[in-house]
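What follows is chain A paired twice: with chain B in the first complex and chain C in the second.
Moving on, here comes the complex of A and B:
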């Protein structure tokens, strides 16, 4: 668990002609690690994920994945290299059915027999989807949609998953389930970079925690230490000052 | 009764041709949000290809369909590369394309007029003046053939979109460009392919149109009005919607044409457009666009 798989050097990025949202960010991710990024709104948490996934092109710096620079590649090329981005709006195809959604998730696999096998495989991991194969993705419940998202992501056997707000809009029990899936996926050797508004929940499933503010990494520590750090509790985890 | 059935069948055949004309337009809008006002001019190009192949080499316009499709597809690829590709990410893309496609239509219109003059033309294969009789129902062969060929092309398109990987990718892209990119679909390629496919469909429709209607370069103004009303009525981007609207309105138009006066039949399309925009602006099968 010591080999670095993803490394951000000096990454600066922003939207269109706007100001820099990320300011010279350095970040590393190790194999099999779950890393949770926390911080206030506008800190640039989601922007980091977008910059890695190639949805937003960094203005400066580089993103090294297994020592290859990803900057300048199109989003689908980065995805083909084994980095999967799960945005917060779920990114399902609402009026395609579940089976078509899974089919499209494996779009980059050219071996269609292999794709069939993998779809079978993920359906055993997420059995509820098997009953929903011909249902439109947009008509399923939030929990089922969340499962479909994970199913879609693991079809490609990615090395890295970038997950933006997995708990957004989900009932508490479904949130628990989602984090259980995330931990299970990480156990198979996938590295996970997570952005989570519910910082306590995110950190308690993670190995390391990163605190961001105003587009910069403020500090990075073991997730447990971050959770227990008094100053962070006050500033970012919403604990009242006790006198 | 037979008389009404007769009118409905004629309307149906014509409706299928209109449906084929509209599918390419709605496909292109659905995938790329391009309001392709140049679509009918591609249909005209297909019609001219079929016309000249018939006049010069005696090739049947139905057999000329693949050639017209290829010619229009290539033309479409060139136009897409030159005019539409580089601004595809822009926020006001749909609005921009209205002007861009209008300009394209004017240029192609001018080019066609320069070469072929404003002469009314119609391809006249041997069956153009034939007719079948089923009992008392009279079926002009040209309209029957064009209707059947349109129907099979539309079914082929629907099967392609439903069951092929690229077809599902096209539908996925039309639902969300960003999400399609996220699952690794090469959106640029899908857009180029859909534009070519849309133009090729226009070419196919052109071959059929060449022996059903008489045509001349400025004819496309008439068609774009009708086609836009079909596409809006069906729901922008919905192929099923456009096909349904085409069949419905064309049957209605032929009924109105018979019982009121032929000059009233065009009005059906615009009246329908007017009504749908008032009561259901997203169209029969459409969704609100965000």
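Moving on, here comes the complex of A and C:
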């Protein structure tokens, strides 16, 4: 639990010619840790994930993954190093079927036999998918899509998973299921950096919580402490001010 | 079951290979012309389908590569006296490299911006070729005739086009079923998602673009020899590219047999109308009508829609 796997130093980033969204952010992620980032809209939560995944190139600072700097690498190169990014709006290819989606997940694996084995492996973890191999991903229910997303994510056995809003647009029972998957994946030694609007739910599955506002990390604490912090409860968790 | 899948295409191929034998009995040059014209368009539609169908980049400037191929062969034929048939590969290669470079620039944008950039390509090339004295400027290049008797003079083109059409169809089939094609379809759906799945998005797009340019360029060499006269305004007009796009959409974008079906129906229909109503402009009007009506009932093109309804004949179902 103590070895740092990902370290952000002084990262500043923004979109195109716009203003800086992230302002000198420092962040660390340990092996096997689930870290949840919360904060109001526009705080730069999703932007952090995009900057790590290489979809957005930081303007300043560095992102160290196992002591190697990732800044300047293309998204596909970063992904090949073992960082898996699940974007906000479902990381699936709706126009491909389930089987093609799984093959696509293992795109960087050149050993076909190995990939076939791994696909069979994840199909035993998510048996529902086995019956749906030829169905288009876009026509499946939210819960099934969620399973396919996680099945895809673990095929490459990444070291870090960046997850943007796992609960967005899902029924409450499926949200529970999603967080169960996240906790299980973390138990296998994968580090998870999570952004969640549903802060209470996100924090209760995490080890540590990070509060962001206006592009900066306000503070970072144990997830339980963040949940119980009165200031945070008032500001972000929707508890009424007691007078 | 598998029999009917292979039987019909093989039979058709056999008949097309043997067809020129009718020349021993009567002169059917016009039908041979029609067939090789269909092969020619099948090469272009099948190649276009790689980037336009699987990749989702609707290019209305693919005739630029036809032009490059034709001019490479035409120039070499006149300047160095080499038969264009020896230059099929070279023409394709030059067109492919040209496509690669163009792709690096234009494939950064997508949707309407890409379509406009592809039209801009042919407009720029039109200006360049019209003023490029080395290749004859606006008056073009005249190639030497082949010395075969008129009965047999079309056959070299006929078989070259047949061969290239087979190659284009095979390439189309291969892309549909390969990892490369899967990545290409993923990219057409969402570039960001593809990038985070580990795909080198730019390379995939540009390679697909260059591949489709390669085969069209090869066809250009044969086409130049067939026409014996090449001039910028024969190639660099939107009509050719528009025909390609319409044929593919009619047959079914992103399917292996769609471009073939679309091309055959398009050319056949045009020919029937010309036969019945003569060379008025009615054929253009009615072809437009055909397209509208077909797409009303087959929104994904003929092959695509039949496949969605699971009533596609086995011999057309190649993915």
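Basically, the second predicted complex is superposed on the first by the 243 of 243 C-alpha atoms of A that agree within 3 Å, B and C clash if a C-alpha of one lies under 4 Å from a C-alpha of the other, contacts with A are read in each partner's own complex, and residues count from 1 in each chain.
Assume a residue touches a chain if its C-beta (ideal position, glycine included) is under 8 Å from a C-beta of that chain, and two chains touch if they have at least 3 such contacts.
Computed from a predicted structure; not experimentally measured.
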{"item": "Combined model on chain A: chain C and chain B, fit or clash", "value": "clash"}
{"item": "Partner chain in contact with A:216 - chain B first, chain C second, else both or neither", "value": "neither"}
{"item": "First, second, both or neither for A:107, with chain B first and chain C second", "value": "both"}
{"item": "Chain B versus chain C as contact partner of A:81, first or second or both or neither", "value": "neither"}
{"item": "Which superposed partner A:135 touches (first chain B, second chain C, both, neither)", "value": "neither"}
{"item": "Residues of chain A that lie at the interface with chain B and also at the interface with chain C", "value": "53, 55, 74-76, 79-80, 85, 87, 91-96, 100, 103-105, 107-108, 156"}
{"item": "Of chain C, residues touching chain A in the complex", "value": "179, 182-183, 185-186, 188-190, 192-193, 195-201"}
{"item": "Residue ranges of chain A touching chain B (in the complex, touch as defined)", "value": "53, 55, 74-76, 79-80, 85, 87, 91-96, 100, 103-105, 107-108, 112, 152, 156"}
{"item": "Of chain A, residues touching chain C in the complex", "value": "53-55, 74-76, 79-80, 84-85, 87, 91-96, 100, 103-105, 107-108, 156"}
{"item": "Chain A-touching residues of chain B, taken from the complex the two chains share", "value": "165, 168-169, 171-172, 175-176, 178-187"}
